[in-house]
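By letter and in written order, the chains are A, B, C, D and E; residue numbering begins at 1 in each of them.
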């Protein structure tokens, strides 16, 4: 068996459920590989370390991958994990916000400077939000909203933060990006560096195939899949993760190949709205398995 | 017990009561600041979850402190013995304190992997600095009249160091060590941002992202307790080693 | 210049050359660790981007240091004057060093908002501790024979403090201040993780998210330079204030 | 009148003195002479509460006191000058601390400085002057306490014969002009005999008064007085005997 | 032979001494007497490189040296005992540092301790003994240097008359039995006359030798010798004169 190291984008959560299913069901070993799962210290780490060959595979986001490519990091997207945006512009209910333009003149928070602030700006341009004040809230989303320091936050996942907020007794409402003019994109993808792809092509393909199988299993046996995940990640909060899983299920990838057109559209959008400054050729970025 | 001895527990009680009262009266949500009662309940009730993580972190802290001692003492000695070296090295020492963990993390992963080494390294960077600076200052503080005495006796640097400089610098060394062991806790936690699978830092980040703020603070309570234990140990060690002081 | 004076720049040069060489020979990618040449080029070339942010952070650092001085000196004094208070307060001080920024962030946001206050607060928490501990240790170090002299003169605590304890503790105070100003840089940067719109910490996170690692390190270079400037200023101040030492 | 009775001090099982009594009439200049390490400094320290004695009854000017604390000016055996102050500032320390007028006392200190041969050294730091000069500065500081009772522990030990004589006259002046009560420890028997109204001879540990000489000769005295020479021989013999006990 | 010529030291514009010459024959015991603050300690410090002089030519045993450094044992005016060591450990410091046999030297130190009346105080810390005991300990330490030339700066100033006499005999023994060359500073003129082969009288700043007395009386001497008394008067007169210059 060949060993692969996989770095997540964040600490383990239900978004990564198919990975744990593949691990627990033995799909990886069926394909002759052994996978070590590692948590990063920062979302950018996964891309850096994959590009430098210090990990074989990494979970990342399509927008950040495009940014990395424009910065000259050579990486390849090898498979999708979650195929639609989970990121939202989120706010509390009963704030009288019906349309994005209701946020004109308000304070809008965002989670990751350099990424979400640009997305927010694009969103505002497209949806005619005027004279808003952007505020970097980091990951203190709920306190910022509850204490009325901001009226909405760009960046929370509709499948995750909403559940946490509900647990604390707050109901979240949100605008889904792809419904409000931002091109659809693949939220979570697997990437790897060119060297790993060349040296371990067989093993990585095995990983993709195993994951494909896990996605099918997750779709067909959702309760068992969740149980497998919870036993693999004991520190997870059961009730919260269960609810989050219900919300995430529809977005898991159905096929193990990327939608090149979607990537192209988002890359064009990124260039147009200043997320990147140099054009990225998505064909070089996506690895297609034959 | 003299009345003044009641002050310490009384003050602790007052602060805790004020905190509890403030949280309850001002209706501060638990996910912003849990009341101390909740924190204690969680810290004790979830001890079985916390303890295994605490063991890992404790090991990192101890290793970090040992490594810091093992580098700070020779470093301060060398910089004391050779002032040009001090001049040359201090910019790097000061600079080392300006590096945030996310800048260093990928490098640590590349060089030290995901094991305990990279966590200990982060802790080390944070701990060794106050010890080095304090020890160096203590060594420099040595009364020149005594130095002259040792020169008159024809003492080598080694002899002078062992018999004069080191005992002289001990009080300042311990002040540095006190700071060192106190920041060691956060040092290890920060270290655990570098690809940890366990440890209190790991547990905290996860709990925080899951909005289990009571658990976050319970972990902080455990960390503080660890810091306090080490702080007290340093105090005991100091008393043992500086017996000649009539304080 | 004596040969020993060449040591300092020589050593700096050697370290930089080794770093540059290592990065190039071991083919460490720029986005993991940029070579020093790249860092310097970016730090200078993008000064116009960095400088406005640096100004903000510098203001936070200065405020943090001032606030830390304004609290550490009275705190150490009070704890020195009333040992039971020291016993009661030190657990809280040690505990304050075990709190990671993300646990404190919600509280800071709610209480202090997104202005400069929350950043200064974070910096303060980090800076005041080494100063307090060092000053307190310095005060306690005062030779009891001199204390007796002041008692014989019927001196008030205030007089004894101003004329004896404080000058006596100055060298240790400065050792603490040296540590304080060095960690002030990371203190301000950490503060800027809490909802900053500008400042070097903000710029760093932004650059890191955009994988502009050379910019991240350029910012660290600027931060280090700030730390060094303050470190040197403390050194100059120390020489001015401790004129009686024949070192 | 200073009356000490039943003073006792034990250091780690070693009795330094027990049931030690001493009486000094107001305005008197009494001197203690005894072998090194016999407990003289310990006694002074105990009187002034620098250390606590195991037992002691004390009265000063008819008033019973736990210790002399703020009633006496005490010049310790070590000079204890503060390295960060100039000699003048060191000497003025008791003035700065008390609420005396700084201007008037500065004049007095400067006056004392020039009488003691420290003129021109007012702004030197303690580590820039000689051992004897430090001692003289400490003596000036003691006088600046401006208290009626003065305890001096070997105040002139680091001085040459000539300077010593000059300062001895100064000490006499304190007694005669300013009516101070003075209790002094010295190792110089001639000094004791020149200055004292009463000289106490002390034994080695445990310290007791083995002899007491009352000197009623007119002051200032000269050592050519044969009676003084005679007493000196007696004192020496007494000390010698104590050493051989 | 120790030969100092043209020694000069200026402190901040103030000339302490210039063109100061002194010669001590091997095996001699010479004593310097001079007013407080005249530059005696500065001279000794300069000889041993504790401070650097502005000028000096030096030779010892015929060999030209930049300074006496490791050829002389120097007892400074301050005792400089280390607070963290016991008296015995303090005294043995030069032994620990040099490569002498610790066992043999410990016996010697203990022997010196009992001769100096410090028996039983070997394991006391310096802050647990009296001023005179500290001074004696510092003297033992100086003797443990085991060097041929000994410089003593007021070594017995804190001691009572009896102890002082005992230690004076000890110093004489060093000269006569162990053939040490000794140069001593003292303020006690009788001590100078009892011990010295030559006594130098020094002037106030700037320091020059104003007089020199060669004493060839047999040692040990007694102060009843009328010639010594006569010289004492001369010395005092000389010092007095210097003070009034």
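The criterion applied here is as follows: a residue touches a chain if its C-beta (ideal position, glycine included) is under 8 Å from a C-beta of that chain, and two chains touch if they have at least 3 such contacts.
In UniProt terms, the chains line up like this: B, C = Putative hydroxymethylpyrimidine transport system permease protein; D, E = NitT/TauT family transport system ATP-binding protein.
As the structure is a prediction and not an experimental result, all values here were calculated from the model.
Asks: Going by the contact rule set out at the top, which chains touch both chain B and chain E?
Replies: Under the touch definition, chain B and chain E have no mutual neighbours whatsoever.
Asks: When you check each chain against chain D and chain E, which touch both of them?
Replies: none
Asks: Among the chains, which one keeps its Cα centre farthest from the Cα centre of chain E?
Replies: A
Asks: Contact counts by the stated rule: is the higher one at C-D or A-C?
Replies: Pair with the higher count of C-beta contacts: A-C.
Asks: Can you work out the whole-Å distance between the CA centroids of chain C and chain E?
Replies: Those two chain centres are 50 Å apart.
Asks: Could you give the separation in Å between the centres of chain A and chain C, each centre being the mean of its C-alpha atoms?
Replies: Taking the average C-alpha coordinate of chain A and of chain C, the gap between them is 37 Å.
Asks: Rounded to the nearest whole Å, what is the centre-to-centre distance of chain A and chain D, using the mean of the C-alpha atoms as each centre?
Replies: Each chain reduced to its C-alpha mean, chain A and chain D end up 86 Å apart.
Asks: Taking each residue of chain D in turn, which ones touch at least two of the other chains?
Replies: Touching at least two other chains: 78.
Asks: Two or more other chains in contact with one residue: find those residues in chain B.
Replies: Answer for chain B, listing residues that touch two or more other chains: 31-32, 102, 106, 110, 205, 208, 246.
Asks: Give the residues of chain A touching no fewer than two other chains, as numbers and ranges.
Replies: 42, 44, 48-49, 52, 54, 139, 142-143, 147
Asks: For this structure, enumerate the chain pairs that meet the touch criterion.
Replies: Applying the touch criterion to every chain pair yields A-B, A-C, B-C, B-E, C-D, D-E.
Asks: Chain C touches which residues of chain D in the complex?
Replies: Residue list for chain D touching chain C: 48-50, 69-70, 74, 76, 78, 80, 82-84, 93-94, 96-98, 125, 127, 145.
Asks: Could you pull out which chain B residues touch chain A in their complex?
Replies: Residue list for chain B touching chain A: 29-32, 49, 101-102, 105-106, 109-110, 114, 193-197, 202-203, 205-206, 208-212.
Asks: Within their complex, state which residues of chain C touch chain D.
Replies: So the residues of chain C touching chain D come out as 145-146, 148-156, 159, 163-164, 167, 242-246.
Asks: Once bound in the complex, which stretches of chain D touch chain E?
Replies: My answer: residues 11, 33-37, 40-42, 77-78, 117, 128-133, 136, 154, 157-164, 187-189, 236, 239-240, 243.
Asks: Once bound in the complex, which stretches of chain A touch chain C?
Replies: 42-44, 47-49, 51-52, 54, 64, 67-68, 71, 73, 109, 112-115, 117, 134-140, 142-144, 147, 149
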